[in-house]
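Two complexes follow with chain A in common, the first pairing it with chain B and the second with chain C.
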Partner chain A sequence: MQEIERDVRRFIGENFIIDGEADALAGDASLTQHGVLDSMGVLELILFLEQRYGLQVPDEEALPENLDSVDRIVRYAQRRLAAGGVEAAGAAARVA
Partner chain B sequence: MPPRVSPDVLRLADPEAAIEEIAAGLRSTVRGFRRRGAVLGLSGGVDSSVVVALAARAFGPAQVLGVLMPEADSAEDTLALGRLAADAFDVPTVVEDITGVLEAVGCYRRRDEAIRRVIPDYGPGWRSKLVLPSVVDADQFRLFSLVARAPDGREERARLPLDAYLQVVAATNFKQRTRKMLEYYHADRLNFAVLGTPNRLEYDQGFFVKNGDGAADVKPIAHLYKTQVYQLAEALGVPEEIRSRPPTTDTYSLPQTQEEFYFSLPYDRMDLCLYAVDHGVAAAEVADALGLEGEQVERVFADIAAKRRVARYLHAAPVALATGAGGSPPGAP
Partner chain C sequence: MIPPAHRRLLHDGLLAHAAERPDHPAVITADERLSYAELHDRAARLARALQDRGVRRGDRVAIFLENSATLVAAIYAASLAGAAFMVVNPQTKADKLRYVLADAGAAVLVSDARLARLAAPVAVELAHLHTLILGGDPAEAAAVPGAIALGALLASTPPEPRPSGVIPLDLAALVYTSGSTGNPKGVMLSQQNMVFAQGSLAQYLRLASDDRILDVLPLAFDYGLYQALMAVHLGATLVLEASFAFPAQVVRRVQEEGVTVLPGVPTVFASLLAMHRNQAIGMPSVRRITNTAAHLPDDYVPPLLEMCPDALVYKMYGLTECKRVCYLEPELVLQKPMSVGKAIPGTEVFVLRDDGVPAAPGETGVLHVRGPHVMMGYWNLPEETDRMLVPGRYPGERVLCTHDFFKVDTDGFLYFVGRSDDIIKSRGEKVSPVEVENALASIPGVREAAVIGVPDDLLGQAVRAYVVLDGGVEMDERAFRRACMARLEAFMVPRDVVFVDALPKTDSGKVRKKSLTDAVADSSEHPPGTGRTAARDRERS
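And then the complex of A and B:
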């Protein structure tokens, strides 16, 4: 959990936040309402999840309830990794 | 107390006065640039038709040139409607078919190559468009999907990953940039200025290509809601055939409405939402006026704010940095 959150915060900080620290962002803060993510940013986030953890994010899961805060992203990635078992974990290891 | 928002708030009280004011503004601005008339691209849509009429009023028809620039993906009626608009105001036109330029620069090839990353069968005879899901119907991210139709009529739909999406858009933007290049060619040879044709909704929300249709010397209707553009179209005598045609993008090879590609709602409803955002009208009140739920209007408001953030880059002029080493660039204020 902590490792995924650290990765997600680093990704957000490196890609979407010009001034300020991604660490200061509240875990439950909406990334779209705070102007951190736009629709292009969501595509970048999905690409990050796919490359970093080997997850495929299907259309029906590319939703605010899964991706619109640090906490939601972490929970979503964790849930998908747990459901994907060894295969997903192996993919994550390959791209790490 | 009457409601603060209804379609009536957008109606121009005196369209003829608005027309004269814009024509006078065009004349003084273009003369200030020491240019003698105006060039504009004619798409057959209501915006460019209104602008050609305003330009004819401002400069006289002989001092205006309409440039018709169809390409391989243009709708069949684009050329005829563009001509119709120019003819209605006695404005001369020139046809520049840009298909050859686009082929030479690889517009279609680069676009199709990106599409094949998600639809491997995509090839000659196929047609496509980008579409967005509605923000009104559900709380979801607006992620582009590609809809492709095979020559046998079979349709495929796929969400575009980042790299494919960016390449499709980048390749397609050649169209608007090529058109602008030709508008400036004619403007330079005639010593005319180039007129841009965005309405307020498009200008505010970034519905244009930077250095493409976003480039111009003067934008005479960028302060007008689309509803008001239609009002001027009627007052100016823009042909009914143009006024009754639903707004399209005319950029992709499958027919595409502006709502599919960009806006959350049809233009008249978007106008009202934009007005509400700018005048501090609550979502609940707009919802009553439009027959929507409050939370649906909240989502449209959020989409308006998100598009404004993206539009900041599109509107930004080149930034000449001033650093300690060289001071301010020459000519900087």
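And then the complex of A and C:
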């Protein structure tokens, strides 16, 4: 399991569902439809991504195709990290 | 064909529109677009399937589903079969799901394979619950022991329900609402209660069959439910979203689908306005904006009108026990900024002092409501029912005593003053402090807890817990929060937790909530707790 996925699963496991279930959650399972995240949960997820990786998630990108499964979150974070050199450097500093 | 004047039952509108305008879109979701003919077909097949499995007039059919076309179809299926429906919020945890299904004595549970983890064990436990129907992935549904897969069931059943014998006085729905005693109460609504209310609402909102009504609210919440009922009543179109979790997506749907009616609670509008401040949003198709559940701050109105220049803004007030009490004519929003208006069409309200005398203008009293929308009572709770439904004008008549404090002005406009119970309104949803306290007390290591509401710009009120731990127990906020998430729907989970050594008590040993509330009101300190959402909002503003 790669690092971002591990981070995201840990965040979900610690904040939204009971122990052990975060790992069992299918990577492509909708987090909102499985009752893991509601609207406040999505805001907290965004805040987590912003703080953990130094990303800015613009309102118009806070969409299910970017955030509504573990796989989608990982892909979105990777894409944003790859796109922004400055952001990525900042994130590396934070992660380190 | 049933002419409008003769539509007495909830499903009569559906039957009429399926015959008259079969191809008109009835329900649009992210996954499906159902015409009136298709919605009717799905509802009629499910109704017959329910009857074939023994559902009789008056039986309770529980619907535990995300907002979806099937959820809407299941409501009408129950009505066509002569049963009463009850929609359970898909966020509900196992204990509460079991409680409401047992309380209602539900005969059937309609759910989804994705929720089977919760639904199936509860269904097995309850002897009165004889049928579990699961939508969603057919293979997953079929793999659940004892469950019937919805798709196969519909395919093998004709769209021909048998006459049920139901009349307008029969029970149409149970709507569960948080009570101050801790357990949710089932509000009993008759067919005639609901048919009357949907017509009254559509009348004052000035809606018509070409409207496209957005619904982002859970259908377990009567405000969300009535968007669907009004749409079908009118032959209009319901644009149904699973939730408001992704506001940008909702805005896109409004724009793409040409939504004309935008119902929300202040939290929904706060999110839209935060986005609008970052980057201007245009939703020119919107003609009506409706708000209820909590006061819409006056400074929201101008930016809402920037987003939706042709919209009329409605401020409203209601309670599940009669669906809606009053509304303010949108033309008066600026003249009567603090008022929630006057009684909805076909009903009346009056404010009475303690001694039963009508309050003079400016004087505070208790709001009473009279009309065909007043509930039948609470399911299985005769004492609670007698507290809320009091003798009315004519022998045998009962009016609703809301126990909420109101004033009227010299023009007869109503002003909300306060609640007489300690129910918290957060994100437009009712939170019972006792229900949350009971859940917190079940967390290992928690000795006792007291829960209050504290003012919050985004939520209306935020839930705050004061918690005393058992001696020697250490628990951080994160562990506490996880334990809460496992026991409570998200909107009930305390935003703030304050660990204390002891709670303020009265001489008789009851927690003195007023001391906690007063301390919050007096202090200018920053609220404790994560405040994560508040932090984000500050960032954005």
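What we mean here is this: the second predicted complex is superposed on the first by the 87 of 96 C-alpha atoms of A that agree within 3 Å, B and C clash if a C-alpha of one lies under 4 Å from a C-alpha of the other, contacts with A are read in each partner's own complex, and residues count from 1 in each chain.
Note that in this section a contact is a pair of C-beta atoms (placed from the backbone, for glycine too) under 8 Å apart; a residue touches a chain by one contact, two chains touch by 3 or more.
The structure presented is a predicted model; accordingly, all values stated were derived computationally and were not measured.
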item: Clash or fit (per the criteria above) of chain B with chain C on chain A; value: clash
item: Touching partner for A:N15 - first (chain B), second (chain C), both, neither; value: second
item: Touched chain A residues, chain B compared with chain C; value: C
item: Contacts of A:L47 with chain B and chain C, given as first, second, both or neither; value: both
item: Candidates 110-118, 128-136, 146-154 or 362-370 of chain C: the single one with C-alpha clashes against chain B; value: 362-370
item: Residues of chain A at both interfaces, chain B in one complex, chain C in the other; value: 32-33, 35, 38-40, 42-44, 46-47, 59, 62-64, 67
item: Touching residues (chain side chain C, partner chain A) in the complex; value: 66, 90-91, 114-115, 242-249, 271, 274-275, 278-279, 427, 478, 481-482, 485-486, 490-491, 532-533, 535-536
item: Interface residues, chain B side, partner chain A - complex; value: 139-145, 159-162, 165, 302, 306, 309-310
item: Residues of chain A touching chain B in the complex; value: 32-33, 35, 38-40, 42-44, 46-47, 59, 62-64, 67
item: Residue ranges of chain A touching chain C (in the complex, touch as defined); value: 14-19, 32-35, 37-44, 46-47, 58-64, 67-68
